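In the two complexes below, subunit A is the common chain; its partner is subunit B in one and subunit C in the other.
Moving on, here comes the complex of A and B:
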């Protein structure tokens, strides 16, 4: 069951030797259950800081993040994550199968069910038969697929991804983007993704949240009104795609004022 | 070993030739340093005497016992102090202090308490290894990747799981380096214990043959120790490759 997430007046500041540094100020945004949301903004604007707050790893200095109607105090139940650095978030000393099943074992799932789930999620990401391999025996793109399979195997209500495709080559990146679209179609998990790639944000999302300013706030929430299914060739050639990416690009670069997109 | 002439053989043959030359015609000819042939003769005598094997067995027992006890104490202790920031900070200072005390310095005190016995040698080995090994293990536990630990927290994995599946494996390569150095050090200290402190074993053999001016026998014993040293490091490295399979060595 997908869940919503409500960000209310979240602020974050860090104490530095030169004084207090405000990173986020009064960020408010409500994620509709089942939507795919990309968070974009200029480098260093605080995208990853916001994402860490949403995972419950970092406590905001102000405001709250609510999941299932109550403010989170740590990582909420039903959360799955996919991070940029797959070499660091997968365990090199465990096989692909064990990497995927490790988060499941707290849930008291029967052994047979466990291996069925591993198999299903590997099939979903197109990695059938890699159960007994070690992550470092696979290519970068395949390792990130393992990380996605691990996320799916937990049957998450909320998926958070931090620059998930930033460390793979361009071709693999397109393949992984399409994999994410397929996952979206198959499961409809509420997904938040930070990316610095504006085309990718528009291509994958229902909504694009643009962070801007120092300290950063939500500059605009751009609704991506392009129908699904989307494809690398057709969608990227859609005039609406070009309009939206230009609009988001201008917002991120501070070139245009926010507008109401109907 | 591939190829017609293994590289190690070349350097061994060269070293032996140089030694033989230096002690027969070269600058060391008229000193009391035995030649290769004299040493080889003494080595054959040693290898055919029962006494030698008793001494060898004593050395191995002492080194293995000291090594096993030290690792058995240091690895769990290192894990514990590595897991707690407070324990780490409070023990780091004292352990670093003890770590740098050479075993020779405390031999007189240890002899007073335990005498020139095998227990004395074992104690000396444990004392030499335990502090450095604890710190080494603690460093490894603390070096677990922050990204991995946070990923595990996001998935709601327990503290125990984080220790079992992230912190302990992360400490593996650190422990491996510590074990490798400790194994060689255990052997060295077991000899020192005999040579300086009169503990039983090959160290004492060297002490006795030196005292009686039997230089070929001294050299033959030292040669045996060198061979044991190589064997120990080979075994340890082989074990490590199996245990820490995810790291290239």
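Moving on, here comes the complex of A and C:
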């Protein structure tokens, strides 16, 4: 079951030799269960910091993140992640199969069920038959597919992705974007994704959260009112797509005023 | 295909020419030797086949090999398990570091007399000396490797809800294996040295003891065959180690080849 996630007044500051550096100030936003949300903003604005707070890896210096009605103290149950650096987030000493089943070890799942899940997840991402390969024997795009399969195999309620397609080539990127749309259609998992690619944010999401400022806050939540299913050719040629991407782009660049503040 | 076949032979030839030259030089230069301490190589080899292609081989080599394998296996087990536990805990390292730094500063062979006092001239003494000496580099490498685990790997394990102990044994430890193997290699050499050295004291068994007794009895030919046998054994042990390493770290070498 998909779950929501509520960010209330989250602030983050770091102690540096030159003094306190405020990165985030009073970030508030509530993710509706089942939605796909992209977080965008200029480089260095604190997107990844916010994402780390949402995964429970970093404690915010102020505010709370709530999942299922209570503030998180660490990685929440039902969370799965896909990180940018797949070469480091997949364990190189484990085969694809073992990588995918690693997070399932704790869940007391029968052996037959385990291999069935591995197979299903690999089929979902279109990587049938790679069970016995090592991740580093696969291309970058395939490795990221393995990371997505690993996330899906845990049957997550919440999926968090940090720049998942930043390290692959453009063609692979389009393929992976469409894979993510398919996963969304098949499972409807609440998904939060950080990206620096505005087209990608608009193409994939229901809502785009724009972070802006130093320290950063939510500048605007842009609702993407383009119907699913979306396609690389038609959606990207939709006039509404162009409008939205221009709007998000000017927000990220600090060129336009927010139209609605949430 | 034929190219690689030829290349392989070429590589073996390139690797072999120095040892072959040395053996040839030794053979010819020692051929007319009348010096009792440097007998002709031909005589040494003759004695070698006589001695070691017989029952004597098992009787002499078995105790050494047994002590070595027992001592080294214990060292691997203790070094890796203890090292992982220490490296995985922030306070563990603070308590362990001074002790480790002290023990590892003691020359490996110097502990033998202490273990004679504790265990007498028993197998236990020899195995204990080997273990203590060989554990140190393994322990240190494991602690370092586990501590310097890849942050992304550990955090990935964390967000996927692996328990602390799973993070340690299933992520940090395997990630540390390339470093641990350099400790294992160092420990291997030390274990072999201490195996032989421990037999120099109060022992009637083993290849170290055999060689020492031969020297003291002016059986110079026998002593030379002992030295050569030790060399061959050491070489063989290294070959086995390399095979084990290549197999265990095949993911590491495979990954390096591609990147």
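The working rule: the second predicted complex is superposed on the first by the 260 of 262 C-alpha atoms of A that agree within 3 Å, B and C clash if a C-alpha of one lies under 4 Å from a C-alpha of the other, contacts with A are read in each partner's own complex, and residues count from 1 in each chain.
Just so it is clear, contacts are C-beta pairs under 8 Å (C-beta built on N, C-alpha and C of every residue); 3 or more make two chains touch, one makes a residue touch a chain.
Worth saying up front: this structure is predicted, and the values here are computed from it rather than measured.
Trainee: With everything superposed onto subunit A, say whether subunit B and subunit C fit together or clash.
Mentor: Here subunit B and subunit C cannot both sit on subunit A without a clash.
Trainee: Check whether A:77 is in contact with subunit B, with subunit C, with both or with neither, and answer first, second, both or neither.
Mentor: both
Trainee: Looking at the overlay, does A:222 come into contact with subunit B only (first), subunit C only (second), both, or neither?
Mentor: neither
Trainee: Considering only touches as defined above, state whether A:89 meets subunit B (first), subunit C (second), both or neither.
Mentor: In the superposition, A:89 touches subunit B and subunit C alike.
Trainee: Per the contact definition in the header, classify A:67: touching subunit B only (first), subunit C only (second), both, or neither.
Mentor: neither
Trainee: Please work out whether A:202 is in contact with subunit B alone, subunit C alone, both, or neither, and reply first, second, both or neither.
Mentor: neither
Trainee: Shared contact residues on subunit A for subunit B and subunit C?
Mentor: Common to the two interfaces on subunit A: residues 55-57, 74-75, 77, 79-81, 83, 85, 88-89, 91-94, 102-103, 106, 134, 136, 154, 160.
Trainee: So in the complex, the part of subunit B that touches subunit A is made up of which residues?
Mentor: Residues of subunit B touching subunit A: 145, 147-148, 150-158, 161, 165-166, 169, 172, 245-247.
Trainee: Please output the residues of subunit A touching subunit B within their complex, sorted ascending.
Mentor: 55-57, 74-75, 77, 79-81, 83, 85, 88-89, 91-94, 102-103, 106, 134, 136, 154, 160
Trainee: So in the complex, the part of subunit A that touches subunit C is made up of which residues?
Mentor: 55-57, 74-75, 77, 79-81, 83, 85, 88-89, 91-94, 102-103, 105-106, 134, 136-137, 150, 154, 160
Trainee: Spell out the residues on subunit C that touch subunit A in their complex, using ranges where they run on.
Mentor: For this pair, the touching residues of subunit C are 150, 152-153, 155-163, 166, 170-171, 174-175, 177, 251-252, 254-255, 258-259.
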